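Multiple structures follow.
After this come two complexes, each holding subunit A, first together with subunit B and then together with subunit C.
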Partner chain A sequence: MTDNYDVIMVGAGHNGLVCATYLAKAGRKVLVLEAGDSPGGAAASREFAPGYSVSSCAQWLYQLHPRVSRDLKLEKHGLELAARDLASVLLDVDGQHLSVLGPLAEGGRLGGEDRDAYKLFHEKTLKYAKLISRLFESRPPGLVEANLADRFALVKLGVRLKLLGREDMSDLMRIVLSNMYDLMDEHFDSPQLKALLSVDSVLGSRMGPRTPNTVFGYLYRRVGEVFGYTGVAQVKGGMGALGEAMAASARARGVELRLGSRVRSIDMFNGQVTGVTLASGGQLRAPVVVSNADPVTTFEKLVGFRNMETGMARRVSQIRCDGGAAKLHLALDGLPRFNGLEDAQLAQRLVIAPDMNYIERAFNAVKYGEYSAAPVLDISIPTVSDPAGAPPGCHVLSAIVQFAPFEPAGGWEGASAAAGESHREHFTRLVLAKIAEYAPGIREQVVASELLTPADLERGHGMKGGHWHHGELSLDQVMMTRPFPGATQYASGLDGLYLCSAGAHPGGGVMGLAGKNAAREIIKRGAPV
Partner chain B sequence: MTSKSDQTMMLRTPFHNRVAAACELNAWGTWKGYTTPTAYTDVELEYFAIRSTTGVFDLSPMNKYRITGPDAEACLNRMVTRDVSKIRVGRVGYTVWCNDAGQVMDDGTIFHLGENDYRICAFARAIDWLHWCALGFDVTIVDESDEVAALAVQGPTSCAVLLAMGLAGLEQLKPFGLTTFPFEGATLTVSRTGFTGDLGYELWIAPDRAEALWDRLFEAGKPHIIKPFGSDALDLARIEAGFLQAGVDFVPAESAVRNGRSRSPFELGLGWLVDMDKPVFNGRRALRREQAEGSRYRFAMLDVDGNKPAQHSFILKGANKVGTVTSAAWCPTAKSNVAFAQIEMPHGAVGDELVAEIYYQRELQWTRVLAPCKVIDAPVFNPPRRRAVPPGSF
Partner chain C sequence: MAPVACSGRAVGCLARGLQAEPALKKYDAIVIGAGHNGLTNAAYLAKSGLDVAVLERNDYIGGATVSRELYPGWTYSNCSYVCSLLRPELARDLELPRHGLQVVPYGGGVTFKRDGDYYGNYYDHNRQYREMARHSKRDANAYERYATDVMKQTRLIRPYLLRRPPDPTSLKLRDLRDLLGFARSFTEMGEEGLADTLKFWTKSVGDYLNEYFETDVIKAHLGGTGVIGTALGVYSPGTAYVLLHHYMGDVDGNVGSWGFARGGMGAVAGALAKSFQAFGGEIICGADVDRIMVSHGKVKGVALRDGTEYRANIVVSNLDPKRTFLDVMDESDLPEDVVRKAKNFKIRGSSGKLNIALDGLPTFNGLDQNSPLMLGDMHFTDSLERLERAYDDWKEGTWSKDPYVDMLIPSQTDPTMAPPGKHMMTVFVQYAPPRINGGEWTDADKAGFEKSVIDQIAAYSPDFRDLILHCETRTPREIEAEVGLTEGNIFQGELTFDQLLFNRPFPGYAQYRGPVRGMYMCGSGTHPGGGVMAAPGANAAREILMDLRRPDVVPGGYADD
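So, the complex of A and B:
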């Protein structure tokens, strides 16, 4: 097979498509190879039961960078929001639900003091999120071999920190490494408010509110607000429609996209990337290969530890990327009824996590390779705003479920403690029972259900460990140490191989910045000699 | 039985009872947690046993690792700078290995014991590094440091001694060759290797046969004037032969704390051990960059005027300090005053004339000598008997 691509992109995840489009815009001839049969990666939709389709991985849009959206002309290519500015509602068994949108917290058992305290907290943390977002919009500075540009980036960071003012700067330094539990106790009285904000700090990660780094996790999520999202938004047609829009944009720029083309290996010779070998056996050559796969998959599986030096293999082997989040999809024959919620409110983001200790206990299980008996849930009923996802009158419920191990002992199909049930069935029943505490009739409405465990997410989306972010977002694995020292700034430490996935700076979430920054770096470095 | 008061924290090698009996000076040093003699009787006499008859050195504390499995060769080949595929079964290869930054972690020898079966002898503990190196390879790694006792038998009559001990046919063993003999129900492995630059062998045996081996060896060696030697005599011999000592002539890269204190193979004069034709090995990227951009330092062997060893000396070019000495000795057989130095580039090329700033003390009086010295291109001691097959009986 002869070919003359400038760049081969491994994987058509959202960051891969963003990166490919920017590269094509800069005149590079780009081929994108995707193992699956649809583009978008974690921005995917799937029919999980006849007539019922759902965002099969990410379910809310809240961080997509506006510049990416504009540059890729995503609206022109079909991106449409079914709903936006959706509040987060912390469900209460007695119907005393707490609702938070932007700086406003209301309902629940919230006192006036907490409401005011939240406003101030929101304002202050938004300042921090702004500072962090600036770091996200460019490559991270180098860790050791800082050149002038990198030093300037660090100086800018220092100046921005200073500009926060003395009090806020020292407060940020104080809290950024700390845990959400203590921070919440410091600011609020309401168990509901503390719990709702804590959920944001641990979503998609393998941390409980008492885990250090969770404040960073919270600020990370808040970056979405800097990018123009108040609350969460829902993509019409599910997140897969975003993937399709990105693919259309890439194609319009001349990117060649091949679906169903699994890359078996990234090929090297004398430390220089030469191209890729397909699972079907064919070889494709290009001087630059960009991996949209997570770093562990990229280095361990596609390049192979044998083809790199030991120090690099060691660092890759130590990346923490065990996921802790599962997804439950329910096909319902009608609109579920939640105690004390109006039908219109069902379009919003519904959260089950009564208090911080509840979250921490749910997290405890996963530390021991078990799933939570009483899990934390982030629920979306997309068919309220976008009825096309289910047959007329029917609905889909999609929930992020935390916490679940990659696999419990004996595997998900292995026998659970409950008689006659596999772990998968048992966990599904536990989650359903938890939802039924708030929506008593829901069990009778279920037509079909699907539980996607971290192991399923790894299989379905190629994400090692099933981790949404392609590696834990903790301070030892962000910025110049993401994915690991020696492979920052989107270069991999192997000539000609670049990284553009969530495993690279700034990380996961459907944001598009890893792809955008990677493209800029690749363009800046020019064609390899 | 030793009483409690005789016990120390130090480990004892399988030869300890024999070594202790022979160690008249009771001069003990430490080596990887083992107590080992720095000298037995007299350093000069021990040195001359190595050069004139036969000297015996207990090297049991040496770190020994066994690497087996279908990927053993591939794994080692990725780890070390040399092409391991060229070390055939029954051969030993000297090599260095680097970290990803191309800095030397250690030097050592690779014994190709059999198909998919290697032993690597290392100065530094390496079990953790070996396990990291094994990621992605189908290999088994065993630390057999305590399971193999070893003696170095070095000197012109060493072959004769071993033949007299009954190791028939040993004279046919080539340098860096490896062979085995039955020994009292166990297997005695013999390699024609050593750290003295002389004719010599190293004997590898199970610890429970160690004392028997020592006894048979010294019995057979009596007519050939066999003598045990300590680490001081070894140091003298290895400097004369031009051998670097890890931890002395370079800081093992992964234990260097300060930035810039480690060295690449090129900077240690060991570029000949680096096979850049191998597509992947630890340090390759960095070494390729170093080849393109130039090294920071050069290893220089210096012939120093006078007879004062240039230990710890600064090396000057004109009035400027351009290097430091890592090892130095007056070498009795070669009758030359040798120093190993790390010289800043571009100085230190062969023939370069430099000055060693030597400080020495006689009866509490310190004296400073500015000794002219010259960079030489080869070790001062390299006798034909080291390579001869058969080596001849002396």
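So, the complex of A and C:
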């Protein structure tokens, strides 16, 4: 047994790798243990059919913090973008597609008034996103047991709020609590524009446009623009290439990374974390263990409720982390044709959600453990910009599909009401039919398909509930309450155990900030004795 | 028994024709609307010595706090129907009991299940525990924790009901001091307490209850109050606060309990009116205000639809924010942002009401007619999922096909409501949208709405249908037409957290002052919101007196529990 690590990191997700690299940079000897056989966690690529590979969870890059990218020298370690500044295109059955990129909204059935209103709206919300992004770049300030740094952070926040000016400050404090549906009605007429922006507010979460909190969800996504992304970008080689680049960067800093090494438990003695036990049986010791697993998995499965006080166990079990999004991968024997869309436009982000009520109805289903009969889709055809993902002339279509429950009654393999097929087959057919409304010939082009449900995402990536963000990004679970009070500043509440996943502040999305902030906190709290 | 204890005449309000004064009399202050907040506001202004008139469009006072005899011999509380939130500080200070207000607490309450069983809410603590344990021992134990936690939030908020909300954007000394006070009372709770409070304010009632309970019927019984009067579902974040809103009242110091005002809710308005009149105030009924007169940025008085004008340098609107700024005020007198904010103000109605005269006491499945459970609120929705599906109908622009009802038979407790042996039933219905599929309610829609409610009740009560003597059905259309609540919203504006505290009714105008000098708001559209609390009226009076540099005669909030 080698006991000379300063830090053991559980999981090589992107936040874990970021955190490990910063720790190594500060002189810590770090061991990263990853259950899977590739680094990156939800930033992963996979061959899902012979010759076809795809980003198997996250598919767009739009929030990676530039500082993280620079500090880790990701470009030097192989990160390359296949495309960037991609517009979001709301598909229209009649070919009147609406395209939005930065402050510009074009096409569709958009009136001039809405176009101007959108420009103003974009400018205003970018200001708000900027303010929120500052909060993301450091640990959430303590409000009560606040030390000098926290107080300073709070004062800075207060000053920034005041600097918005009276009108904007009060507007922000109102709308951040509000829902997207009403906010869109306040600003725009175009059902297309309202729908496209609403999709951004509910992506990856279990909320509909009418759900209070969704404006926060929208601003959350817009933080990416503050970090330098106009529109979305596509990583060459899929998101897995980002994981590989991060792993290379970590190794270059001296981090030891062991793949295929599953942690069975985080061990404690006398209330102090002592190390981990591997599924293969071996034990490893370190004074500090950092968990890149989501908080529920960390505390319930790895630490075990019996090792903590009941109040804490209760708080953990109350974290809402049921996913609502599925992923569909199609292997196609040619480039799909969408009504009224030129081939060059196929590289962009294609969205299916005709109006806000459509999204809301799609959401209704998941409240009752059902999947949407008419789902919302966020589609990427990565092989347009990066042909290496498929055999020559062939293509991959990857779509985020909302909404899907963790599991419908009877499980995904159970029989659906439409006799003769499972829920999985039924839902796949529904999604394909929806895409075919916009790309009529697509069914004949499909060589192979794969549907990843939230249950599959939990199995594949170890994310409890299959929730991308490791816990719902609603106001009761962000900032000073993420993941739960007592564990909000990356220190878990158990001596020696830290959290660095998307389940900690500031949350999900491939940002790298949870890892970066956690590393700073671990370093600040002193070298382990 | 007086036929209707609180019709305008009974409290001596002047019909316009009988008025002795010349049409151009000048008052110190005019209050538009004799709802309970308008009357409270007027009472405090009069108490401080001002010459005050309340102008009421209807021939009777009370607004939505009203008792009416719409079927001979029966008194309907035909809008608001139960009492708890009325601030005890105000009731005491305005001597409402002396002026005839008596609130009789009721216990009981029951939710009937589809399988023939029910969940009862007993007044006795041990009996309640056993009833819960009958459904789930775990839930029975969790209830202790639940009650403690909700009470903690209640205690926290109660002192703030009788204060104006501080303006976080202001740098004025008073606002900064208020903000600091807020901050201090929050930090006393510690990091975890504070986080729990933040969660409580932002969570859905469904999620909140799921943290404690496992039994559907128990969650449904408790969860209904999280959506009453609200255009949100039990799974919508923010509804835990609405639950709290319904918990923070009391009857005679019993926090969280509810009661019947003897003689119907009009008794509240009646007592307020008498208190106001005792201070020398004047109520003028049948006075339909057309507009608030403004000259050189200052209020001059009001003009009625028939051309009569009343002068005053202070005009207080008890109307909801939309009616206030978009109806009775001229757009040219207002800053552009106020018009925009008023247009964007969310006031969608979500509820309807049936008031039913019964030939006798109906029997309900599996429940003894003499059971104390019959005395409280009765429901037929036995799971959160059914409650949420009822909301889905609202979102689709139609009334709930499986409606949630909050049904009471107050005549069991208050015999003044119906002739001996007969009964009066009040049925509050969630959900009913302000418009049907984007169009106005038609009589056919109203009949369909009524049928869905009657069918719901009759499914659990075999003799109910035959006992109906008269039924008054109110959709949001009727509520708006009679009481003047825009879109039929019972709270004068949705209680979503983007419209609470310093955001109520909207940012910049949350301290009861309007954008024109001398113009104020005192309705439920202002902090702390609706529910026959009388707090907005009192808080507005305090601000007006402060502006006039008169001594503050309005009691502050105190935690007496």
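Keep in mind that, in the parts below, the second predicted complex is superposed on the first by the 526 of 529 C-alpha atoms of A that agree within 3 Å, B and C clash if a C-alpha of one lies under 4 Å from a C-alpha of the other, contacts with A are read in each partner's own complex, and residues count from 1 in each chain.
We adopt the following convention: contacts are C-beta pairs under 8 Å (C-beta built on N, C-alpha and C of every residue); 3 or more make two chains touch, one makes a residue touch a chain.
In this text, all values refer to a predicted model and were calculated from it rather than measured experimentally.
S.K.: One more residue to check, A:A415. First (subunit B), second (subunit C), both or neither?
M.R.: neither
S.K.: Give one of first, second, both or neither to describe whether A:A448 is in contact with subunit B, with subunit C, with both, or with none.
M.R.: A:A448: touches no partner chain.
S.K.: Regarding the shared-chain residue A:G486, is it in contact with subunit B (first), subunit C (second), both, or neither?
M.R.: After superposing on A, A:G486 lies in contact with both subunit B and subunit C.
S.K.: Of the two partner chains, subunit B (first) and subunit C (second), which one does A:A26 touch, if any: first, second, both, or neither?
M.R.: neither
S.K.: Looking at subunit A, which partner touches more of its residues: subunit C or subunit B?
M.R.: Counting residues of subunit A touched by each partner, the higher count goes to C.
S.K.: Is A:A252 in contact with subunit B, with subunit C, with both, or with neither (first, second, both, neither)?
M.R.: In the superposition, A:A252 touches no partner, neither subunit B nor subunit C.
S.K.: Looking at the overlay, does A:N307 come into contact with subunit B only (first), subunit C only (second), both, or neither?
M.R.: first
S.K.: Between subunit B (first) and subunit C (second), which does A:L430 come into contact with in this model arrangement: first, second, both, or neither?
M.R.: neither
S.K.: So in the superposed three-chain picture, is A:L157 touching just subunit B, just subunit C, both, or none of them (first/second/both/neither)?
M.R.: neither
S.K.: Pick out the shared contact residues on subunit A: the ones touching subunit B in one complex and subunit C in the other.
M.R.: 314, 486.
S.K.: Can you list the residues on subunit A that touch subunit B in the complex?
M.R.: Residue list for subunit A touching subunit B: 268-271, 300, 304-314, 317, 486, 493, 495.
S.K.: Show me the residue ranges of subunit C that touch subunit A in the complex, using the header's touch definition.
M.R.: So the residues of subunit C in touch with subunit A come to 168-169, 186-187, 189-192, 194-196, 198-199, 202-203, 207, 211, 232, 235-238, 337, 344, 346, 385, 388-389, 392, 395, 496-499, 502-503, 506-508.
S.K.: Under the touch definition given earlier, write down the residues of subunit B that touch subunit A in their complex.
M.R.: Interface residues on subunit B, with respect to subunit A: 71, 74, 78-79, 99-101, 129, 132-133, 135-137, 279-285, 288.
S.K.: Which residues, counting only subunit A, touch subunit C once they are in their complex?
M.R.: Interface residues on the subunit A side: 142-145, 161-162, 166-167, 169-171, 173-175, 177-179, 182, 186, 210-213, 314, 318, 320, 357, 360, 364, 367-368, 474-476, 480-481, 484-486, 488.
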